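Mind looking over this structure? Questions follow.
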Amino acid sequence: APAGAAAPPVRSTVLRAAMDGSGVDTLNPFLAFFNGALETFGMVYPSLNSLDPSGAPGPYLATKWEPSADRLTWTFTIREGLKWSDGKPITAEDAAWTLNLIMTDAVAGTANGSLVSNFEKVTAEGPATLVIKTKAPQASVPYVSHPMSGIPIVPKHVWEPLAKNLKDAKNDVFPLVGYGPWTLTEYKQEQYAKFTANKEFVLGPPKFDNLVLQSFKSGDAAVAALRSGQIDYKAGVNPTQFKALQADPKIAAVRTVGNGWMGLEINHNARTRSGKKIGTGHPALGDPALRKAIALATDKQTLVTKVIDGVGRLGHGYLPPAWPQWFWTPAQPTPYDPAQANRVLDEAGYTKGADGVRTDPKSGRPLAFRFGIHSDDAADAAISGYVVGWMKEIGIKLTIQSLSMTALNSDLAKGDWDLLMDAWTTGPDPTYLLGIQSCGTLPKDDGTGGNTDSFFCDAAFDELFKKQLTTFDQGERAKVIGEMQEILYAANVNQIYYYADGLDVARKDTVTGLTLGKPDADGVYPSQTAFWSYLNAAPATATTAAKAEGSGSGMTWVAGGIALVVVLGGVLVWRRRAGGADRE
Amino acid sequence: MKRSGLWGIGVLAAFALLALTAPLHIGDDQLDVVRVDGPRLAPPSAAYPLGTDLAGRSILHLVIWGSRESLSIGLIATALTVLLGTAVGLLAGHYQGRIGQALMHVTDWFIALPSLPLAISLSAVLGQGAASITIAIAVTSWTATARLVRAQTLAVEARPFIERARALGAGNRQVMLRHVLPNVMPLVLVSSTLTVASAILSEATLTFLGLGDPTSVTWGSMLQTAFSGGAVTAGAWWYLMPPGLAILLVVLGFTLTGRAVEHLLNPRMVQHA
Amino acid sequence: MLEARDLTVVHPARGGRPPARAVDGVNLQVRPGEIVALIGESGCGKSTLARALVGLIPPTSGQVLYQGEPLDPRRMRAFRRRVQLVLQDPGGALNPRQNVFDAVAEGPRLHGEGGGRLRARTGRPPHTEGLPPRDTEDPLPRDNQGLSGREGERRPLRDSESYSLRDSQGFLPRDGQGLSDRDSERRLLGDSERLLGGEGLRERVRGALSKAGLRPPEEFYRRFPHELSGGQQQRVVIAGALALNPSVIVADEPVASLDASVRGEILKLILSLRDELGLSALVVSHDLGLAWNIADRVAVMYLGRIVETGTVEEVLLRPRHPYTRALLSVLPDSPERIVLTGEPPDPTRVPTGCRFHPRCPVRVAGCDTIDLPVLSPADSVACSEVPQ
Amino acid sequence: MSRYLGKKVAAALVSFLVTLVIGFVIFSLMPADPVRTLTRGRPTSEEQLAQIRVQLGLDEPVWYRFLTFAGDTLRGELGFSWQFQQSVSSLVAERLGPTLLLMGAAAVISIALGLWLGVHSGWRHGTLFDKVASGASLTLWSVPTFWLGMILLVLFSGWFPSGGMSDPSLAATGLEHVLDVARHLVLPALTMVLVVFAQYVTVMRASVIDELGSPYLLTARAKGLTDADVRRKHAVPNALLPSVTMIFMHLGTLVTGAITVEAVYSWPGLGYLTYEALKIPDLPLLQGTFIIFSASVILMNLLADLAYRFLDPRVRVQ
Amino acid sequence: MLEVRDLRVAYGGTPAVRGVSFTLEPGRTLGVAGESGCGKSTMALGLLRLLPATAQVSGEVIFKGENLLTARWARLRAVRWSAASVVFQGAMSALNPVRTIGEQLCEPILLHDKTTHKQARQRAAELMESVGLPPERLRGYPHEFSGGQRQRIMIAMALACRPDLIIADEPTTALDVMVQAQIMDLLSGLVRESGIAVIMISHDLSVLAQLCDTLAIMYGGRIVEQGPARELIGDPRHPYTRALAGAFPAIGDPASRRNPMGLAGDPPRGDLGAGCAFAPRCGDAGDACRTGEVVLWPSGPARTAACVRVLEGEVHA
């Protein structure tokens, strides 16, 4: 470890945090999908860019990035003098090698292949210049490699020998050779990851000497650990926990702008790329009036207050508010108006039967829909109760189907569904999320090749999608993206309910400075990434940290001792009584 | 011993009554999240004797309502278990030739399957919901009944009255249905009360692991919601305790009843009473 | 009447042990109206022989003959009506969940006699399998009403005649009234009465119980085995056998588990059944006194073979086989005691030569090598040292 | 003895093979397309999705998958986890230790406690001690394990660590590390012990009561042994015999009891792994843990047979 | 040496033994007979307080000058086996199935004689030889022995501490005639040599007649007749004794040929009222029997019988 190797016994400071609930699937950065893994890579592998608090690309390995005039070539200027943790210099060649590997090797592209699918050629022109040639103009190139959701750059000299059998590369030689604010020194799957600080980190040294991420499967266990001083920080608590911790004077609880949405998808017309109808979706859902009525009858505000206890925002647009540059709100939001919803339906000819369920005049079928929810998602279950109730009010009958994620996705891909609960989070580059609403992601006629999210397919939307890809001016691009969101909003196929706030909690007595940026009027901070949080965090006072820990374990032993004595005493007393009497 | 059996029966009767009469005093408006207007996760008060859940519904109502599904899953699973187990055990015990051997092997194989993982796997495969949980429980617990019935069948068939019946000309069916079954059934019934107990526990566990239907109201799903919803952090003991205690009471009720009946049936135990 | 011819029963090997030759060549005859006692020490194969005789265990070789005809497994049902087994432990021989009535009525019901409840279900008419024509010595009583039949009145009967009080189908009431009356009678009867079965069946059960000495029979109908004393239980078992009007009873240690005082009563009953109904009986026991008490003839068994047979007086008063002598000598009042040393014999390891030679006090050279032939029905003792 | 051993081992192997078939059948019934689930939230193109499908072996026909699966399993290869992108065997191997530790601790404590209580309450059948002991154990038996875990978590999370197996920030080694792990073990082990020991109490108590009327106890008493000696030297060894089988069988189920406890306390063992696998569901992983659990139950049953064989002179082969 | 006065035992209120008194001198043998359930075992076990806790015992058992019913448990334990040992019915289950014969034989020796293990082994080996079993088999388990051998081991065990009294509760009941003869020969030989007093229980009068000096016949929890063995069997005074004796015919006796003798009726159960307990089954019971007090009256030299007819001086055929 670089820190404090020669120094006399100065007590080193440790930041103890709960690992992202998803955990680390694998430490192989080419294969990993889980957020816990991405979070870790962000700390131990460098990327070309970083993200500033507004979500825009900032300098990291690259100090400058410029598109060429034809907008097909990007030139990144790579910082010089940086060294991997094993002392070898970091050069443009490392980045070029990493990106090329992902472009050319199918296995290497498992996780991030789609980010570079438009790349023609990546070359290192000298140690400080990286040139990326794209097939078509691509505005999002500066978003391709950034901490968290972008591509981490790996040291070529370490990975080159592994590239032949990348699938089996577990990347488990510690300390991991990398570069970042931290160095991974120890890792036990599903238990913890230990890091030491890289005090020479180019974007500023971490204030803690060590970082420990501990895995908790249950949120309550993590919170209990936080309360008892086992850990200092946990990102991502649920609203109930948040409210409870807000009331705790020892705990700092902050809200950050949400980077995802929770919403409803409607199978309005499942079909293949060639337009062949597939699946068992209810035909009436193809009617925009019906979808509009569903939107009108949904009381999103109630969902915000009841399901997430008010810690979130009402949803409209398709992209979450975490990325203000793309955030869009409709000029005329659809209100909650069940009466109007009923009117709309009446007008469209959906007549109510004796049982209160309307009938589709075209197919003659009642408006009875399957409503798929994720069985492992508490919010889905909670929301579904409300939605069923509201839809009943307007003569629509929903039958909840609680399905495992896999089953749900498999139904979705086959078009065997009517309504689904859905949720997405996204990084700063909206391309992918927008992409899955384009016609190109519909399945082929043989059922394969699909990656659509709701079978949405709209020519105008696709046109704009292509346009935003090549719009290099951020403002311009935002406008195009706004138009796309408008189309989606009007179609009512993806009905966004809310954007839940990110909820982070930390111990006041041990850690400060975790949050980045300034809160808005509601006290909500900008979206946070682990990269900045752990980099900014500073020990509150080293001594309190030590004390809290010491007293915790001391108490434990006292309590354990007392319990033991009580048990033993009880046992002895019983023994006396049982065996003492000299009779049979 | 007898007194505890009475307690058990009392508890069961109380829960059965609650479950059966629940629709009479709990209306849709008290369970439908859209219509209730209680405070979110409020501690017990006069209006809500056991507090409210995350949607503002009365925990008391939920617990009462939950008894319906929890009990019926337990009972149906047990009925399936007893049916399957008794049939297999009886046949395996009676036909000690190849059929019996084969049946016993099947039973042994199933016994070697760990019940919870099997149930988990089964309900993961069958899909979420009460039906698959019920099936999973039945599939994993019939072996115990089959073993018991087989052992009892062997014991009964070794007794002279079977030989007498055979000497009188009784065939396999007569021996099995008229002589063995009546002598085996009391024990099966006793063991089935214990099966209900563990079926209810299994239901809660499977639901807790996320294999149940999260929108239905059962004790298991209440606990699951409480657990995933952060009730522990919020210190919402009123949300955590009632469903757990309800499970405990019902399971204990079945267990005590079963043991009391067993006590009555097993003269050897009575001798020492 | 009932006869074993060169009967051998081998119990298959079990748990790594060699097969047990429990019965190893037995010739034994039970003649009409005769009580034969089968005597031998524990494990010599008495019970196995008894079970083979009633067809519960298939013989490994040899034959069981009933009225001169070999037992046919396909006609077992009919045979079962004629030859009945009474077991040692009456408590165990009664299903604890059957009351006395059902226990006694089980046989008739199974054979579709009297009640017809079960037969109606299985849909099998009675006695279709029939039996070989009876010889004139068949001592079946015609009167099922009780103990009034006397020897002189015995005459051969055909099955359909054996109950004059009902028709062979058992559906019609005995007084020949029409079905409708029968139905109304049924309606009048309580539910449980109806369950008890038809009139004919009740007659039969009543008769059997009173023949077995349980009087008045009605008082016992509803009792369960645990509400009876051991002697009463044994009587119920015997009644169950009598309810089918058997011609032979095979009783496996019928009094071994009963108290000394009760023992005499049951033996009296067996004796009276023979005297009054003309039943033949094979009584299995290890008790020589029992043979003296009731039997006409004795067969002494040792390790799967009969070693000596003859009338009671011959065998018990003038024993010839050294084993019989030893058995008699250890009785309390005998003048000299010949206590055999060594362990009881083991049918899984039958010694060569005379099977008794390892324990035989009068053993001579050759006893241990020369196999003795199976005792033929004509001979009475199997010992090379004793002249026939 | 060796022939018996051979027979039993063979039977266990057959059981295991059947388990493989059952396991495979169950898991191949499932609509198995986890690819979208796995890549959820990540930008993935359709080509990549197809590529991952091939990687996961989802394109093969069922029979081929079974043969591969059975062959691999017998070689100790349990397949490739969808979500962890690594071999199930290595995942299982990593988790086996913690699970064995938790189970071992829970088993030792609950067996000791359960047998002790069982012997004494059976021996003093009907006394206050018996009533308290059997009442308490019955009540605890009726408690859902995970619920008890939650309750203990609420009550004791301030005293004992609420999750994980060790405190990574301590960087403890040697004895300190052992103590640290022990501290983390307290709550999960306690939860399991409390729920499980009742079974041993019940089994042992019933066994002892069964033995109470035995004439050999009367003989022992007539010999002038003290009550405690009669119990210790005569009743317990006999009562243990029928219990041994049950104890081992329960040990087999203890493995599975670990699932909820590990989930509640984030104990990094096999149960936790199962819980993880359940979410997707990650079928190869579920299948792998299922097989491991089954194998352990089969092993326990085999041990039960052998232990019984060894302990009871009546069936011990000369 | 042993004097029992008015021993009464009740199981949870139901009397099983209703006042039994007798004395036993050193070296003498007392036989106790009676039908099943009449209280023989209860009486015998009551002497050493070996009954379950549900049994209430009263009366006096004076053994070598000490009342065992009131002695402290520690004292009683010291008496057990070292001074009075027991041979139980069905040695099959009276031996602990999971411990070797040697361990079980040595156990009382180690406990009472405070010897070394080696000495105890030695003594056990001697005992095995004395009952005709090879000492090597001390390492065997009970199931490896036949029923007769096990019963012999039980006898050897009973002799282990050289007691003054052996209580044998149906020691041969489950055994075959021939094995029974072997055991009886062994037992009588040992008793004769060592001069141990024996209480022997059986329901088979003929077995008792062989071994015992005195017989006591029990009916319904009481002794109904007592006297020297030969006389009692040859000339029973109580109708119950007569029935019992008749149940075991003498072979060759023409009176019993084709004429089994029995006793109608059921054994007494539950509470017995006043009068003679046997009256309901007695062929010639009169009113005096049903209501009057019936106690043991002298019926001959050293004989007593509890029958009014004895008192009336009637002589039974």
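The first chain written gets the first letter, and so on, giving A, B, C, D and E; residue counts start at 1 in each chain.
Assume a contact is a pair of C-beta atoms (placed from the backbone, for glycine too) under 8 Å apart; a residue touches a chain by one contact, two chains touch by 3 or more.
Being a predicted model, the structure only gives us computed values, none of them experimental.
The chains that touch both subunit C and subunit D are B, E.
Note on connectivity: the fewest steps through touching chains from subunit B to subunit C is 1. Each chain's centre was taken as the mean of its CA atoms, and the one lying most distant from subunit E is A. Here C-E and B-D were compared by C-beta pairs in contact; the pair with more is B-D.
Look at where the CA atoms of subunit A average out and do the same for subunit D: the two points lie 35 Å apart.
Separating the centre of subunit B from that of subunit D, both taken as means of CA atoms, is a distance of 21 Å.
Distance between subunit D and subunit E, defined via averaged C-alpha coordinates, is recorded as 53 Å. Not a single residue position of subunit C touches two or more of the other chains. The residues of subunit B that reach two or more other chains are 124, 210-211, 227, 232, 235, listed in rising order.
Shared interface positions of subunit A, i.e. residues touching 2 or more other chains, are given as 218, 220, 224, 376, 404, 407, 583-584. Residue ranges of subunit D in contact with subunit E, taken from their complex: 214-216, 218-226, 233-234, 237-238, 241, 311-314, 318.
Listing the residues of subunit D that touch subunit A in their complex gives 30-34, 36-52, 55, 83-86, 91, 94-95, 120, 124, 127, 129, 150, 153-154, 156-169, 171, 183, 186, 221, 227-228, 230, 263-266, 268, 272-273, 275-276, 279-281. For subunit D in complex with subunit B, the residues that touch the partner chain are 15-16, 18-19, 22-23, 26-27, 29-30, 125-126, 135, 138-139, 141-147, 150-151, 153-154, 209-210, 212-213, 252-253, 255-257, 259-260, 263-264, 274-275, 278-279, 281, 286-287, 289-290, 293-294, 296-298, 301.
Of all the residues in subunit B, the ones that touch subunit A in their complex are 32-35, 40-41, 54-56, 124, 127-129, 210-215, 225, 227-236. Across the complex, subunit B meets subunit D through its residues 1, 4, 108-109, 111-118, 120-122, 124-125, 197, 201, 204-205, 208-211, 220, 223, 227, 232, 235, 237, 240-241, 243-244, 247-249, 251-252, 255-256, 259, 268-269, 271-273.
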